[in-house]
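Down below is the structure, laid out as structure tokens.
Chain naming follows the written order as A, B, C, D, E and F, and within any one chain the residues start at number 1.
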């Protein structure tokens, strides 16, 4: 039995509130249950030095947890003087995932930065971030197309991410914090609409897993991402 | 004429949404018009080393702007590797202001940290932070009193802050960003319910001011803070 | 009674020794009683990147206390790896104050940096810094005019600063350290010759103050700054 | 065809030279072809503060590339002033992988740090690091057992890691640098002797992959790790 | 001919003004010609963690140049966020030199920090620092002895330092900046009263030197240090 | 008697293995007994900003000790966030020493960086670094000459370094760690083939030394460097 009483293949409620802030070219507040992440897309008409002269754009991400998004207050990274290893690992994953569905040539020589700031954490902040960042990116690119800056859509597909894991011996979908901190295995899948895999990260926490376990987690992830794709579609249609 | 069409002594709409996040002992989202700041109070049963053994508590604050809370994206301080001068100046002001209405002896040997994270900025983020932080602090202390941890209320009064300035030669209340960036003088007042002043900071931006100007700004601030005290009262009563 | 035996409206002895160091374009050692600050003005024929192309110059300041300028040794900020919040707040204030009396267009595309290094501290280091920095700036600009680099004087007025506060219920002028650490309210005023106010910062330490208190402190500050203006005039005349 | 002329399921030559340095409690130089990593295990009779009082030990890792381990010289992280995101991601993976085969209770309240320093890089440095770190750990623990400090062996199994990827449409084992920088998908598997999976990380670089691709890569990884387990066994037997 | 017109074995004027600041337990402003260094000794009744429990004290030093002590303004190390290599090399040398004449057992479990802050630089700042730091240390220790905290004098001898070099083929004593920046060889000697050498550092800048050159420089250094010993004696006698 | 049983003027075994890594333009692993340093020379076709436009090149060095090169594990400088004072002092010495035998004009506008990474430490790491770095530099320059990039050899001579010291009252050559940590005086000499001195650094650790001691140490250093010059010649001839 899951602490939340959910069925093994049951996602938490997903909501995506677009336009949560007004300055960003694309903005949404994404919620996976009690996990809430503010995703803002910023367009800048310049690219990193090492990208210059290729006629291509760049998509990158930054991630942060507000100090009291968690059960006990965490020290602010700006006070520590650096971003921690976990933060860097997650923001690299978000950026890589979104670039998997963007044609950088079609984007032109500009950069889009996805800021994912966790307002409240209850497990799955990285997967909520990826899923929400796609919406913010979509809105920002829609703006460029409406203004006629872009003629062709550089976004090639929807992308979504979900966590799953083995909890008390059972593969379950969309771990919340009580599950996440006790799972035997913990997985994050980033899937592209249509079924392809952009990223698969599976880690044994307590007990190692096998091929069968890996495939069952992947199957759950497909179910979860279908739910997220639907929520993304609804959000951007508004 | 003010860009927003407001009268010189007219505040923007103030809303204070309590319980905006669930982990913090006190939480609210405060809005002064388009300026929105998330204020979270965290109680920790330890105090800074230099405070130990005095039988007193401590109240402190941290302030940050999300990278895209502003018109153009700002670099994240955790990426720069340090908090900037403006950030430090503001968080010192927030902490000092709240301590002005807390009896640290009555608080006991514990620390309350007020995290003020600006989700959206349109002028007056430091004064909105102080005003919202008081609500978060009030809620956190209420919790300690309900639990019987504290017998006596360590909060001695309400405190609120508002900006005002001289814009096109006219003293105006509660500057928004278009006014703030063009004001001849820029003031922040932190007032205690009942009329006393906790902090008065007035800076000439374009043209220096005189005694008369200082007093007119202070009078506007009193009007604004009365509006904020009412909003605070309503927020904590719920 | 003040610990020093001074009358409430009595300044400490002010001395300004120009040419204290030889490399700086303008240099003085300013003393307010036992508080001694070395103020050096450095002219550089370049401006910060964000100022370029406007045909204007820039005036900025840096502030530091030598480790043993204080009663007990403080850790060197270069060892800590960053400037503290108080340092940044003060150096921002010094720079802002001096820019209030400089016409940046007339200065041309060059930067003047005022380094204020506290050799010995006994209260009022920031106000001594502003008052001394004006002398260093004046000397540096005089040099540019003598060389014919500048045709018109970019300095529009004298500027001076003084602290005052409420000590044992009495408003007093020019706090020394024993007063500063026990004052009920602590104020710093930056005044322009002729009577205008460039900056007014008043903070309640123990007990909040009211309008009447604010005005009495301002009146003391005017008396103090008149003394400083006279000392500045005498110093640059030599 | 692979640039090196290897068959798709062909590993590079693996050598593990134990005792490469003399101060570390366990030391080896591991080579996967031209990739060479110095792995040193250091035992310290203290554990991180957050681990204290649990009666458990800790195993952690640090990773670094020498500036000229690569084709062009990279800036030293000690000069940059921080470890980069890639470094942190890799050292977290190495530590997590080794902890998957250590019973921390049996280790007792001590810490073993695995330092993996890349002397020469030609792809697969993180997987060579994990594979070599296990040998260094094994040697260090053997020492503790010989000295009688440990009665029971805290190491529960061998662990090894290998990269594989899809190169020119073909799944291939043990990518070298020319393959790694052009692969369509890039995977790192950490496997436990006997067949279980400790960690699976698969990333689409050019084109997303599917379940079938994932399984084919996993199968290659099993073949590669069997080779590494044999090399580990031989190395520690000496 | 030397730029200053001095004879090859002629020192610049040495002055040592004791009591230059009032808070430090020992303080002096030392001048070697235009080079002026403020040396402050601070006694703290605690020692570094790695020294504890040995019943010994510690003597250490910190060195810094004020930004405008030099011909062109240097960036403040607190702004850069770290002390540079030259700074660290010099402060290590100062600390090591002073420890050469202190019996740390007799000092007891306390630390004396020598802060050497260069107010004005014209060559030889490190040797002036060592020479002045000894005076500050002497005054601080005299204070401890007068208070009866120390029964036996922990200072075993006077120590002084001077630079010399080969300039235009001629060995010269006490290089000023124009000589220092053009010398073929540059030496710093730290000598103990009575003739012993605590430290000898000789560096070829343009042309390497030989044994004969080394000895001639050492002989000049002996002459210079005799002058400094006399100035130290006179300074502390007052 | 020396702990190692060596005669006072006996060097440890010197080996220089060229081509230890393959990417660097020049590479060797130098061993002085148990001390082993990897020296890599990297050529970059750019020079530091402050060198530009002079038509000259630059030679610089970086030094680091692997965390477990020592008896007990040292903290990684990239983790500390900065290079320590000892590291900076040593890498400045290495760079300065090598520049003493390079004609920067003949090198042309390019930079050669010597990375000296200590794999195992047993005293004398800085002198082994200088001696090995010369070999790496020689190999890198030989490459430039073979490619025809350089017509004239910019290297003017061989350079080598060795430590010596006074141990138990006796001057001894090439200190190993047990001697180094107990020597009364500790010297490092950098000598140019033919007999000239590039750098002489002598420090009294326990007891100060005199002229006679200095000369005896220098004489030992000459004997040691002759041995190193022979090893360098043999290494580059291969």
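Please note the rule applied: contacts are C-beta pairs under 8 Å (C-beta built on N, C-alpha and C of every residue); 3 or more make two chains touch, one makes a residue touch a chain.
A quick map from chain label to UniProt name: A, B, C, D, E, F = Ribonuclease PH.
What you see is a predicted model, and the numbers here were worked out from it, not measured in a lab.
Taking the definition of touch as given, a chain qualifies here only if it contacts chain A (Ribonuclease PH) and chain F (Ribonuclease PH) alike; those chains are D. The chain with its CA mean position farthest from that of chain D (Ribonuclease PH) is C. Chain E (Ribonuclease PH) has its Cα centroid 50 Å from the Cα centroid of chain B (Ribonuclease PH).
Chain D (Ribonuclease PH) has its Cα centroid 59 Å from the Cα centroid of chain C (Ribonuclease PH). Centre-to-centre, using mean CA coordinates, chain C (Ribonuclease PH) is 33 Å away from chain E (Ribonuclease PH). In chain E (Ribonuclease PH), 81-83 are the positions where the chain touches two or more neighbouring chains simultaneously.
Around the closed ring of chain contacts, the path that opens at chain D (Ribonuclease PH) and continues to chain F (Ribonuclease PH) reads D, F, E, C, B, A. Residue ranges of chain F (Ribonuclease PH) in contact with chain E (Ribonuclease PH), taken from their complex: 82-86, 88-89, 91-92, 96, 100, 192, 195-204, 208-211, 213-215, 218.
Interface residues of chain F (Ribonuclease PH), counted against chain D (Ribonuclease PH) in their complex, comprise 21-24, 27, 34, 36, 38, 40, 42, 44, 62, 64, 66-73, 76-83, 87, 113, 115, 117, 119-121.
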